[in-house]
Amino acid sequence: MSLASVTSITATLLVIGIFVMLALNFDYIATNIESQVEMKAFLVDGLGQDVIESMKKNVESLDGVKTVTFESKTQALEKFKEKFNNNSYLLEGLDDRNPLPDSLIVTMISPNNAKEISESISKMSDVENVVYGKEVLDKLLKITYALRVGCLLLIAVLLIISTFIIANTIKLTVFARRREISIMKFVGATDWFVRWPFIIEGVVIGIIGSIITVLALSSVYMYFVKTLSGSMLGIMSFTIMPFSEIVIDTTFFVTCIGIFIGFLGSVISVRKFLKV
Amino acid sequence: MSLASVTSITATLLVIGIFVMLALNFDYIATNIESQVEMKAFLVDGLGQDVIESMKKNVESLDGVKTVTFESKTQALEKFKEKFNNNSYLLEGLDDRNPLPDSLIVTMISPNNAKEISESISKMSDVENVVYGKEVLDKLLKITYALRVGCLLLIAVLLIISTFIIANTIKLTVFARRREISIMKFVGATDWFVRWPFIIEGVVIGIIGSIITVLALSSVYMYFVKTLSGSMLGIMSFTIMPFSEIVIDTTFFVTCIGIFIGFLGSVISVRKFLKV
Amino acid sequence: MTHFFCRIIKDFRSLCRNIILKGCDFLIRLNDVNKVFTDGHKVLNNINLHIQKGEFVFLVGSSGAGKSTLIKLMLKETEATTGKIVIDNEDITKMRRRYIPHLRRNIGVVFQDFKLLQEKTVYENVAFAMEVIEASPREVRRQVPIILSMVGLSKKYDLYPQQLSGGEQQRVSLARAMVNSPKILIADEPTGNLDPDTSREIMKLLVEINQRGTTILMATHAKDIVDNMKKRVVAIEGGRIVRDEMRGAYCRET
Amino acid sequence: MTHFFCRIIKDFRSLCRNIILKGCDFLIRLNDVNKVFTDGHKVLNNINLHIQKGEFVFLVGSSGAGKSTLIKLMLKETEATTGKIVIDNEDITKMRRRYIPHLRRNIGVVFQDFKLLQEKTVYENVAFAMEVIEASPREVRRQVPIILSMVGLSKKYDLYPQQLSGGEQQRVSLARAMVNSPKILIADEPTGNLDPDTSREIMKLLVEINQRGTTILMATHAKDIVDNMKKRVVAIEGGRIVRDEMRGAYCRET
């Protein structure tokens, strides 16, 4: 019968594990995308090298700023040309009267700070304008927030469901052995004497289930990482979480849940049949 | 003991149901996004109204074309201005020498046909150029394909896992009643006499589980649709699947699985204990 | 020479036996049955037992002699290692699995450990045996109370086995065995948990059933009962039939 | 006037009884015990039973009289509806749940339905009862074989209950009840599945244990045994004690 419990607990842990991995990856990717959000501070024309350097220092010293890079007019035009190479007729004659300004490109630790940073930078002298796609960023933040909450909710729901399933499995195992339990009690066994073996069994089953789950999940993940890094990664603007990082989190999470469920399931299930 | 089976089957169906809903939605959104992909056929300058009309007809008659709209030079410039209102200095002096051509905007039934359509249109006379963001579209198609396959795989894995869990639950229920079964057989009951009640029980449990699952999932989904339509939908460039559509698919899917699992689980589980 | 002579006699005897046996209307026929359990323990050793229709046979022998095993063989609860078992003209050693229910419906059994369904009441336990053979509900409703009153349990019909005394459970088991008026009634220790008075009642009942034509095979340790009844007694010891007397007693008459 | 007189006598008698009872070393004391099951069936009716240390008591009565119920009360397997049950100077009707194991360890019981663990071998079933009271493994290894040979099962030590005959299972149950040398040994029909010879062996064993100081209460239907032993006999009928004789027989001596 332990076989049934092991497969049940493994199956459940697998579902949770898959979800945890998806959630971790999702969070990883979201953070990644968020960190790619840039802010552009357009500068007035014709500033000296030293002024720009000191401005860069000033911006860098602001709270929440990660990196600051200078982009000259010419560089900006190059980029622009690259971007619009399809509609090249637009750029005719731009070379001689380049309308693009010098700028500082600012990346932030978290896009949540964008507003304050942009305000601080705007107030500096020689800054003409600060641009960071307010609406786009707001949308992105809202979406990632919603998806993060959704992920957490889903995992919580899955946890509850799994606990149900496991508790039922263990309850049925114990039910099948109710006669055994009652006989033990008739012979004078204390509650704990009867309970211990079940609890140990539950925890062991939990551990076995966790090990199987972790092995299965991590080998599948490893395979994914390998195949994806070859084909898909180039296409998308993000990478999935590296194996070494996710495996620790998942192992920790899955093992904890496995042991916890095994333990709790046994304790709860045995209780009912001890009343003899 | 049926309570245990009902909760187990419900729990499992819930997990599958959530996934089916996510997958359906994902597919819906992907199709939606894909269908938003447009193709632009730039025309030579100064075509008459009738020529344009006949070209429109020609393009419409192509396989896989959904809609065709004409966009004049002037309209195109308006749009362009709107798009770049941040960098308005770019547009200075464009009004008097509008470089943008007339164009036909083509939407497709499926972006998979993009290549052929674009080739057909290119061959027409008076068409200067056909643009449809080949690389972007390719990327999009690859990503949605990968995600679709992933979804299906995940559901398949979940199905297998669930069948395991349910089979175990039923096996344990039957195991708890193994004495009963053997006694029936000793009294002269045929295999089918013993089996029927279990099968009926299994199917009924499957149906009950399905009903609970469908009710739970659809009420949650309805709630989601309501709250999302208010706040989130405006932000994203897509809508989630309408309630009436998803509820039918999900009900069908979940009920089939529930009944199937209940039936199969019973048959398999009883078999072992009939050998008396 | 002697050896040869012996063999002829042996052959002749077995020939005669076969002719005689074929002629008679034996309901139960065990020929050279052996039963060896997987652990190598030889529980039944060359059992030859023939029971005619309508007989009343006591099966006696010390604890662990092999009585219950013999009964289990007849029900195909366990398989004979070698030998032939014919019940109601069917060789059950070769019987296919799906005909086993048919066999068991012809044999009512009082099991030594009762084998009652814990989730069913007394009434349901007995009714169940009728439902199995697809008796009509009307017949069930008519027959079950009659049988229950015969074993003295009319008042306990809606109790569960857990709520019955040992003797009462034993009587439910007997009621269930009798309810379909089987051709053969096998009772394994049916009075083990009954006081002498109730035992006597039960024995009266069995005799009555026997007189109506049911063949009865009863394994028992109740010396008084066997001695009083003066019926056929088959004694098993260490897996062998050591005695088979037509009007026997529990112990060998000395 | 007569009424008043009667009451005085009654009071005096109960007073005397109480004094006498207090003085004696009663191991089991049941005062005015009633047991009514939830379905309203009154199974035990005002039972007063006092058993001294070292006594050997037969509990007789027809099937369903209430013998097993009485035993179940002493084990707190079921609760008395009213009345007081004192075992080894402890009022078990007020005993807290977690002291029940302690109570049961002092009482060895042969259950009417054996109550053996199906997943354990004969040896393990007996050893288990010792492990429960935390006996050392060395002691277990020493004691269990001795007990098994006493009940004649040395050779069957590694079989499972399913592989034993009814009588053998009964003897395993007895071995388990004896193995901890309990103060009280309660046996419910311990010879119901045993042939006369084996029964006699078992009774010898019980007498021996009794002589070593164990109090024995044995519910039985075996008239021969009760009549031969000439021990105290308590007869229950319809939930009442109808007879309590010091050197009694199975039936009322007429």
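Labels A, B, C and D are assigned to the chains in the order they are written; within every chain, residues are numbered from 1.
We adopt the following convention: contacts are C-beta pairs under 8 Å (C-beta built on N, C-alpha and C of every residue); 3 or more make two chains touch, one makes a residue touch a chain.
Because the structure is predicted, anything quoted here is derived from the model rather than measured.
Provide the labels of all chains in contact with subunit A and in contact with subunit C.
Touching subunit A as well as subunit C, we find B, D.
Taking each chain's centre as the mean of its C-alpha atoms, give the chain farthest from subunit B.
Of all chains, D has its centre farthest from that of subunit B.
Averaged over CA atoms, how far is the centre of subunit B from the centre of subunit D? Could you give it in whole Å?
The separation of the two C-alpha centroids amounts to 71 Å.
From the C-alpha centre of subunit B to that of subunit C, how far is it in Å?
Their C-alpha centroids are separated by 66 Å.
Taking the mean of the C-alpha atoms as each chain's centre, how many Å separate subunit A from subunit B?
Spacing between the chain centres: roughly 24 Å.
Quick one: subunit C and subunit D, Cα centre-to-centre, how many Å?
32
Determine the shape of the graph in which chains are vertices and touching pairs are edges (line, ring, star, complete, other).
Graph shape here is a ring: one loop, exactly two partners per chain.
Give every touching pair of chains, nothing left out.
A-B, A-D, B-C, C-D
Looking at the complex, which residues from subunit A come into contact with subunit B?
These residues of subunit A touch subunit B: 1, 4-5, 7-8, 11-12, 14-15, 18, 86, 89-90, 92, 99, 131, 138-139, 142-143, 146, 154, 157-158, 161-162, 164-165, 168-169, 171-173, 175-176, 232, 235-236.
Can you tell me which positions in subunit D touch subunit C when the two form their complex?
Residues 37, 39, 60-65, 67-69, 112-113, 159, 163-168, 171, 188-189, 192-199, 221, 223-224, 250 of subunit D touch subunit C in their complex.
Quick check: in the complex, which residue numbers of subunit D touch subunit A?
75, 77, 98, 100-105, 109, 111, 115-119, 128-129, 132-133, 176
Contact residues on subunit A for subunit D in the complex?
Residues 179-180, 183-191, 193, 276 of subunit A touch subunit D in their complex.
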